[in-house]
Structures are given as structure tokens and as C-alpha cells.
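Each of the two complexes below includes chain A, the first together with chain B, the second together with chain C.
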Partner chain A sequence: MNKSKLFKMSYERRQGLVGYVFLIPWMIGTLIFFCYPFFHTVWMSFCDVSFDAGSIITHFKGIDAYTEVFLKQQFLQQASTHLGTTLLHTVCVLIISIFLAIILNQEFFGRSFWRVIFSLPIIVASGLVLSVFQKDLTFQASVTSESTNIFQNEALTEMLLSMGIGDKIIEVVVTAVSSVVDILWMSGVQILLFITGLQSISPSLYEVCDVEGATAWQRFWRVTFPLLTPYIFLNIIYSIIDISTQSTAEVMYTMRYYYNNTFYANASAAATGYFLMILVVLGVISLALSKRIVYIDK
Partner chain B sequence: MILPSLKIKKKNRRGSRSLAGTVGIFLFLALLGAFMVLPLLYAVISSLKPIDELYAYPPRFFVRRPTTENIEMLFSLAANLWVPFSRYVFNSVFVSGVATVGHIILASMCAFVFSKFNIRINWMFKLVVTALLFNGVVLSLPQYVIMAKLGLLNTYWGYILPVLPMSLGLFLMKQFMDQLPSALIESAGIDGASYFRIFTTIVMPTVKPAWMTLLVFAFQNVWNSNPGGIVFDEQLKLLQSAISEIVAAGIARVGVSMAGSLFIMIPPIIIFVVSQNSVIETMAHSGLKD
Partner chain C sequence: MFRKQGIDGFAARSILMKKGTAIGWKILRLVILVCFSYALVYPFIYMISSTFRGDEDLWNPTVVWVTRHFTLDNLKNAWRNMNYTESLPYSLEVSIGSAILQSVMCAFAGYAFARFDFKFKGVLFALVILTIIAPQQMYIIQLFGIVNKLNLIDSPAAFWIQALFGCGIRSGLFIFIYRQTFRSLPTDLENAAAIDGCGAFGTYFRVMLPNALNSFIVVFMFSIVWHWNEYFSAELFTQHKRNAAQQLAALRVGLEAQLSSSSAVAVDNPLQLQVWIQAGSLLMVFPMLFVFLIGQKYLREGIARTGIVG
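Moving on to the complex of A and B:
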């Protein structure tokens, strides 16, 4: 009975059902490990939070935590400053990663070696490796190490020092280099994604370009760029999320401060508020860009 | 038909670049690449430094009298742990392996639906993207509570399950699957392939570069994480926590910690090299005639 009904269903219905089967494992996971904690956090931001034998006790208190965090303290200013930095860095990261991805996608000697080199940030700049570096540097104590790039500069400074170059020249070199290096260290994932994107462009399109005698410039703007737009969009969103939630940013530091000092309501309010701010920025950007993306399919 | 055209292409590409161009690219990459390699080099050099050089002021970049005592110390400390060191390695490899593979499978299945199915819950995808925006630190408290309720504390599942529905993978896979021509899937459907078959024999092979790239991110993510408080049993702890304990135990262990961090970087680098070597030219459009 049931089985015959299944076969009588329309194609769309059946497709929908199969779709849900594919979705269910993921959805259960998301509900348990994201949705519930998320709504709980939002709820905690409106509450007085205390603990009792492994469970969280909340008493509704209103928007006290929000006024505290956003009006009385400097969180709002920190958050908006960091969002500004995020946008600036995103643009730089995109430009440099497209550029490097195109170079690394070409055929030349030692290509896979260079790919590994430029993907090192993905492997080095996280987890224990980073904390070991930072620990070492705080010990060496010339600069307080706060971001991924500091150990960079540190190493550079040390290298230049050991080569016997004067202080002033070092300062100029280090500031010029550090901003480029900063960006490079944020671009590991993006370069990899762009390379994957470039790989998916059909070689026959480039053959057409060769046959028609297009210049490299035309080939880039007429073929590569439009077909990369989905990946550019992907990378814009990825970069904004990645950079805005960088653990080394002041905003994140403040949130961790609240959290580690058991101001859970404040921490939740700060996280929720900052989340909404990023959401607005992302929403505006994706609305502005979504119609400019070129899909082969549609 | 394909072979000769490829040959022509290669010939043209090679012919169009001069020797100077190749050298230029090499120099440019070497210049930028130097900054990528420096920290790694710094770690290698520091792990070879004897103690008096590590604490020398002013600090020197290069090592004067290289020694292997840091690396030896790392291994002797590792050998003296209460739980055998191999157990930590096994834990880390097992957890990272299962979590990465599971994450890729779940993310791809879900992305396939969001990308190619015409069902009404596509708004949920936006929810997933927004999940990426939220600060993970703040979520850890309610996450901990729910894991305690589900009895996941002190088990491998406590590491693995929260990783499986990470948003990043779904987001990446969906963006890549959007590029896949729907006609390819429709034609397979018309030929009578089930959705499962379409998924395993058409979609996944075609987006192989995507999940090979995701493999790097996901493995990296799990391998480097050291979720505290979820597991109390020393038998079940991860390599990361073992090495940070070794490092934290003594003051004068900068060299050892550098050696440890190098050791811990090896598996992600291997995964990276293997996965990127298999991301070769894919013919996402080869099944179609325009």
C-alpha cells in the first residue's frame, strides 16, 4: 500500500523525499551542535546566568547586558573598527589571491612545490604551532605578540639584525613588508579555492581564445574573470567571515575576556550583537553581488 | 579527438612564455614565498639550537652550534609519559580521520540537495552560512551542556560528532556543486539512475577537486583542535594535548616545543601534498555537448 503510493508520487515529490533523506544527518547535527547552542546563547544574553550542578540556570533580566556592552563599554567601537579593517583586508586578500592563484595555476617548473609554500598559512597559522610561536615570542618579549604576522616580522627583524643592518632601515623595511605579509598570511585558503576554481574552467574555452587570437588581457577579462565570479563571491564571504572572527582581533579578545571571567550574559550579548553586525554587512554585500555572478548553468 | 587538441594547447602555452618570463615568475614567487617559509625555517632552526643560544640576547636567527638534543629530549619525554605516546598518535589519527571523512560525506550529501534539488527548504542554507559567523567560543558553554546530556563526554564521539556538521564544508561544497550543470544530473536521472547512484558516480567524481580541497581544511581543523574539558580520560586524549603538556612541563623547553610543533605539522603537510597532487585538470563539462 505504502510502496505503491510512493511510486504514484510525482517526480518532484519523490525528489523532495530523497532530498530530505540526504539532508537529515546533517540537519540533526546542526540542530544539536549549532542551533540549540546558538539560541541558548541568544537567550542567555537576556538573562542572569548562574550554575548549579552541571546545568545552566537563567533568570530573564531584559536587555541589561546589551546596554552594558554596547553603550557603556567600548565594544561597539571595537566591533565597527574591526569590521572596517575586515572589509579593507578582504579586498586586498582577494586581489593578491587571484593574482597568485593564476600564477600558481600555470605550468612551470616546481609548481606543486610553490603551491605547498603558499598554502603554509593554512597549516602553520593555527592550533598548537601558532601558540608555540607566540609563547616563544612573548618570551623573547620585544613585541607583545598578538597576531599571526608578528612572529613573521620578528623573524624578519631578527634576520636583518643578524645580517648587521641598521635600525632605521629595518623599521622602514619591516612596516612595508609587514602589510604585504599580513595579507599573504590571510590568503592561504583563498589561493587554494581560486586554484580549484581555475581548474574547473573548461580548457576548450581557452582553445577558442587561442584560435580567435585573443590577447592574454582579453582572455583574462572575458573568460577567466567571469567564470571565476562564483569563486570570488565564495572567497568574499569566506574572507569576511574568517577575518571578522579572527581570534587575534580586539573584539574577539573582549568577548573571550567576558567569557573567561564568567560574565556570560555580557559575552552572549557581545557575540549576538557582533554576529548581527557581520550579518548586515554580509547581507548587503551578497545582495549587491548576487546578480553579477556568472553561472554556466543558468 | 581530445589528445591532439591538448597537445596543441600545451605547445602554445609553452611557446608563448619567454625564458625571462619564467625567471621573473620564479623570482617573484621566491620573494613572496620567503615570507611564507620564514616561520617554518625559524621553527626548524630553533629546534636545532642548544639552550644557551635560544636564550641569547640579542637573539640570533641562525644557529651557531646545531644540536639534536631538543629532538632527543622530545622523544625521551614522550617515551616517559604515563600513557604510551603511540596511543596519543592513534587517538589523533583516528579522530581526525573519522571526523574528516564523515564531515566530507555529510557535507557533500547535504550540499547536493541544497544545490540541485528543487525543494522548499533552501532557505536553510542561509542559516548554515550564518552559522559560520557566530563566535565559537561563546557557543562552547551550551555545547558542553548538551554533550553532557547526550553522554558524549569522555568518548571519541565527543571529538567527532560536533565536527561533522561544521558549516564550512557544506558552504564550500555547495558553491562548487552550483557550478555543476544540472543537465548532467537530469540526463542521468532520465537514464534511470537513482539519486544515490547519481551522487556517488556523477556528482562526487566531478567535484573531486572541491572535496580534495575540503579534505585539507577539515583535516587541518580537526587535527589542530584540542577541545578542552570534553575528555578527562588520559587514554583518550589527543596528540595536541600530549605535546602541549610536554611543552608546558618545563620552563626551558622552547627548543623542545619547536621540535614538537614541527612534528605535529607533518601529517597536515602530507595530506596537503597528496590531495593537491590529485587535483588535476577536471572536465566538469566533459559530459555535455553545448
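Moving on to the complex of A and C:
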């Protein structure tokens, strides 16, 4: 009887149910391992938080924490400054990673070797080894500097000085080089994702290009770029999230400061507010881009 | 030569020009790769150079990169201090197990978001994005409470169970990767499967998943490396056991104790400490280099894709 009921359902509703079946494990997991802990933290931002015998006690207080963090302190300014930097860095990361992914997707000798080299930031940047590279042996993320500072600027400065180039120009060159290096250290994941995207483009489309006599420029803008847009969208969203929540940023430092000094309400308020800001940015961007993403059959 | 093959001079010249630009591009490509990679490789060369450097060369300014007294002592010392014989298998157990579970389970959710329409899809997907944005630090206290209640402290299952339910480290990103991959596959594939009598799950396992193999590999590699490097939550989820990342973090303290207790080595010798920590980092990075070297070889052009278009 139940089965006949299932067949009476419209095709769309049945499909929707199948969708839920695929989603069930994730929904259960997210409820337990994310929703409860996360929204409990959000709830803490409206409360007076104290600890008693290992358990957290909360008393509802209102939006005091928000007014304190966002109106009385510099948090809002720090947050918006960092979001601005994030957008700028995202654009740079995208350009550099598309460029390198296209090169690394070509057939040439030693490609595996080069691909591993450009994956190094993925292996290193997520772990403690990064602080070893920064010669910071105390394993504490640097507090104020945004830069990863891995690149040795002294050698470059000396080289340029010996060539008799003026101080001003050297400063510009060195800054440019070290910011390219910083961007490169943020681009590991994006490069690999773009390589995956490039691999999913059918070679027959490029054969057509050859037959029709398209130039490399046309090939890129008419074939590669449109078919890469789903991956560009993915990487835009990921880069924004990744860069905006960098542990070296001043905003994140302020949040850690609240936590470490047991201002739990303030910490939760700051975190919630900042993530809402990021969500709004992401929402605006995905609305603006959603019409421009090319999926093959839609 | 070209005339013999029946090609006139104009064509021969254009072929030569094409060959010229091809060679030029090859050289330019190499230059670009070398320039960009310099900044990435430099610290690695430094790390390897320090690791195999003998004590005699530490203070010798004429020794820049290649040591004259090759030694494995630094490596052995780091190995012993990191208790690598135990922490390596434990770390591998956690990261391989979680990576398999995570890459399989996130694919389900990604497929649901890519291909089905259901109520609250937008809200649920916003939740996926939220899980990527919110760093674990923010809600780790409550998460610890849950893991503690499940009695999973000190067990690799603390990570496995989150991976099994499509949660855990950066799951949101993996779901997003799968969603974009599945959406960029043509629906013709599923329609063909449906006409041939495949159910929803048959279509998924036999048609869609094989076509998303590249993303599967990439997610697997990301997951393994991020679990491998996980320090923060590992610190909370363990009491007696330590993974490789925790051992590396503890290395400095352990080494300082060793330095001050042994009279043979000059007390508080910063260079010695640095060399040992570099050796520890090499131990930490090496297995993951191996994973990436093998993993990226399997990134291939989609099979069905080439069959269907055209």
C-alpha cells in the first residue's frame, strides 16, 4: 500500500525524496557535529557566560556583547579592512592560479614533478611546518603581519643594490615580488582545483578549434574560460573564505584575544558578526555570478 | 626537405615559424615555472640542507648548501624525539581512514545539491557554506563535549565518525567541490542511464561517480593532508596519544630539555635546535609529498565526457 502511494507521487516529488536520501547522512552529522556546537556558541553571544564544574552556564542578557564589540571597539573597522584585502587577494589568487593551472595541464616532461612543487603550499600552509619556514620556532602564528614572509628579501635587495638601482625602485620591486610570493602561497588549493576543471573539458572541443583554425587567444576565451566557470565560482568562494579567516589576520587575532581572556560573550559576538559579514559578501557575489556560470546543458 | 614532401615554400615557412614559437614557448614555460617555484622550493632546500648537516658545519660560513659532513644523526634524533615509530602509524590511521570516509560521504551530499530539487535546498546549502566559514576554534568546546560523551577520546574514531557523517575538517569545501563537478557533467549521462533502466543509486554509482573520479582524487588528497596536519582539534581529542603534528609542536620543548641535560652539546645552542626542528619538519612533510606525487598522476581526462560531446 505504501508503495502504491509512492508511485502516485509526482516525478518531481519522488526525485526530491531521493535527494533527501542522498543528503541524510550529512544532515544527521551536521546537526550533531556542527549545528548544535555552532548555534550554542551563537547563543552564548547573547548571554552572560560562566563556568561551573566543567559545564557552561549561560544567562540571557541581550545584545550587550554586540554593541560593545561592534560600536565601542575597533572590531568593525578591522573586519571591513580585512574583507577589503580579502577581495583584492582573491582576484590576484584567481589570476595566478588559472595561469599556472593551464601551464601545469599541458603535456611536457617532468609535469608530475612541477605539479607536486606547486602543491607544496597545500601540504605546508595548513600545518605547523609553515611556522618553521617562517623561522618562528615557537609555533605561534605571527600576530600583526599579514605576509608569510618566507621569501628572503635581503638577497634580492642586495642584488639590485649592486646593480646600482635607486632605493625607491628597489622598494617597489621588492614589495611587488614579496606580494606575488604571498599570493603564490595562498594558491595551492586553487591551482589543483583548476587542473581538475581543465581535465574535465573534452579534448574534442579543442580538436574542433584546431580544425576551424582558432588562435590560442580565442581557444582560451571561447572554450576554456566558459567551461571553467563552475570551477572559477568554486575558487572565488573558497578563496574569500580561506583568506578572510586566515589566522594571521588582525580580526582573527582579536577574536583569539577575546577567547584567551575568557570574554566568551564578546568572542562569540565578534565571530558571529564577522561570519555574517562574510556570508553577506558571498551572497552578493554568488547572486552576481550565478547567471554567468556556464553549465553544459542549462 | 619540405619541397621533397610536396609542400611549397610558404607552407614550409609557416611550419618552421610554428616550430619556432613552440620551442620558444617551451623555454618561456620553463622560465616561468622556475621563477614561480623558486619561492616555494627555497625553504625546502634549506630544510633538506640543514637536516643532513653535520655538527662541524653548523658554524662554518663557507658551507652554504651542501654539507661536507653528511649525517643522519639529526634525522634520527628528531625521529626519536617525535616518537615517530608510534605517531606515524597513528597519524596515518587517522588521516587515511578519515580521507576515505570523507571523500565517499561528501560525494553523496554534493550529488544531492547538484542534481535534485527539494525543499530548503538553498538554506541547507547556505549551511554547507557556513561550515566552511566558521573555524572549529569557535565551537570546539561544545564539540569536545560531544566527542567526550561518545567516549572517543584518544581513538582515531573521533575523526572517523565526523568523516562518516560528511562532517569534519573542511567537509563543506569537499561538498562544494563535488557539487560543482556533478553540475558540470551533462544530464544526458543520467538520462541515458535512466532509459537503460538504472535506478537513482545505480546511476550514481555506475555513471556519475566514475565521471567524478578526478574530484574524488583531489578531495582524497586534500582530506588526507589536512587530517595529517591537524593540530588544534587533535590536541583536544587526545589525552595520551599524539599524532605527528602534535609531536612536531612538542619537539622544541623536548629538544630544549635534551640540550640542557646533555653536557656534550653546548647549552642553549640555537643553531643546533633549529637543525633538529628542520629535520622534524622533513619527517612531517615527506609522507605527504609522496601522497601528492602519486595522487596527481591519476588526474585524467574524463572518459564519458569525450564520448558524449561531438
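Quick notes
Basically, the second predicted complex is superposed on the first by the 235 of 298 C-alpha atoms of A that agree within 3 Å, B and C clash if a C-alpha of one lies under 4 Å from a C-alpha of the other, contacts with A are read in each partner's own complex, and residues count from 1 in each chain.
Everything below uses one rule, namely that a residue touches a chain if its C-beta (ideal position, glycine included) is under 8 Å from a C-beta of that chain, and two chains touch if they have at least 3 such contacts.
On a predicted model such as this, the values are computed, not experimentally measured, just so you know.
With chain A as the common reference, chain B cannot sit beside chain C without a clash.
When both complexes are overlaid on chain A, the residue A:Arg292 reaches neither chain B nor chain C.
Of the two partner chains, neither chain B nor chain C is touched by A:Arg222. Residue contacts after overlaying the shared chain place A:Tyr206 against chain B, while chain C stays out of touching range. In the superposition on chain A, contact is made by A:Glu107 with chain B only, not with chain C. Under the contact criterion defined above, the residues of chain A that touch both chain B in one complex and chain C in the other are 12, 15-16, 18-20, 22-23, 25-27, 29-30, 32-34, 36-38, 40-41, 56, 100, 103, 106, 108, 112, 114-124, 126-129, 132-133, 135, 139, 151-152, 180-181, 184-185, 189, 192-193, 195-196, 199-200, 202-204, 230-231, 233-234, 237-238, 241, 244-245, 252, 255-256, 259, 267-268, 271, 275, 278-279, 282, 295-297.
Taken in their complex, chain C has these residues touching chain A: 26, 29, 32-33, 36-37, 39-44, 47, 105-106, 108-109, 111-113, 115-119, 121, 124, 126-127, 129-135, 137-143, 145-146, 162, 164-168, 171, 173, 175-177, 180-181, 183-188, 200, 204, 214-215, 218, 221-222, 225-226, 228-229, 231, 245, 248-249, 252, 273-274, 277-278, 281, 284-285, 288-289, 292-293, 296-297, 299-302, 305-306, 309-310. Considering their complex, residues 12, 15-16, 18-20, 22-23, 25-27, 29-30, 32-34, 36-38, 40-41, 44, 54-56, 100, 103, 106-110, 112, 114-124, 126-129, 131-133, 135-136, 139-140, 151-152, 155-156, 158-159, 161-162, 177, 180-181, 184-185, 189, 192-193, 195-196, 199-200, 202-204, 206-207, 210, 230-231, 233-234, 237-238, 241, 244-245, 252, 255-256, 259, 264, 267-268, 270-271, 274-275, 278-279, 282, 295-297 of chain A touch chain B. Remark: chain A residues 12, 15-23, 25-30, 32-38, 40-41, 56, 100, 103, 106, 108, 112, 114-124, 126-129, 132-133, 135, 137-139, 150-152, 180-181, 184-185, 189, 192-193, 195-197, 199-205, 208, 227, 230-231, 233-234, 237-238, 241, 244-245, 252, 255-256, 259, 267-268, 271, 275, 278-279, 282, 295-297 touch chain C in the complex.
The touching residues of chain B, when paired with chain A in their complex, are 5-6, 8-10, 12-14, 22, 25-26, 28-29, 32-33, 35-43, 46, 58-62, 106-107, 109-110, 112-113, 117-121, 124, 127-143, 145-146, 148, 150, 161-162, 164-165, 167, 170-172, 175-176, 178-183, 195, 199, 209-210, 213, 216-217, 220-221, 223-226, 240, 243-244, 247, 254, 257-258, 260-261, 264-265, 268-269, 272-273, 276-277, 279-285.
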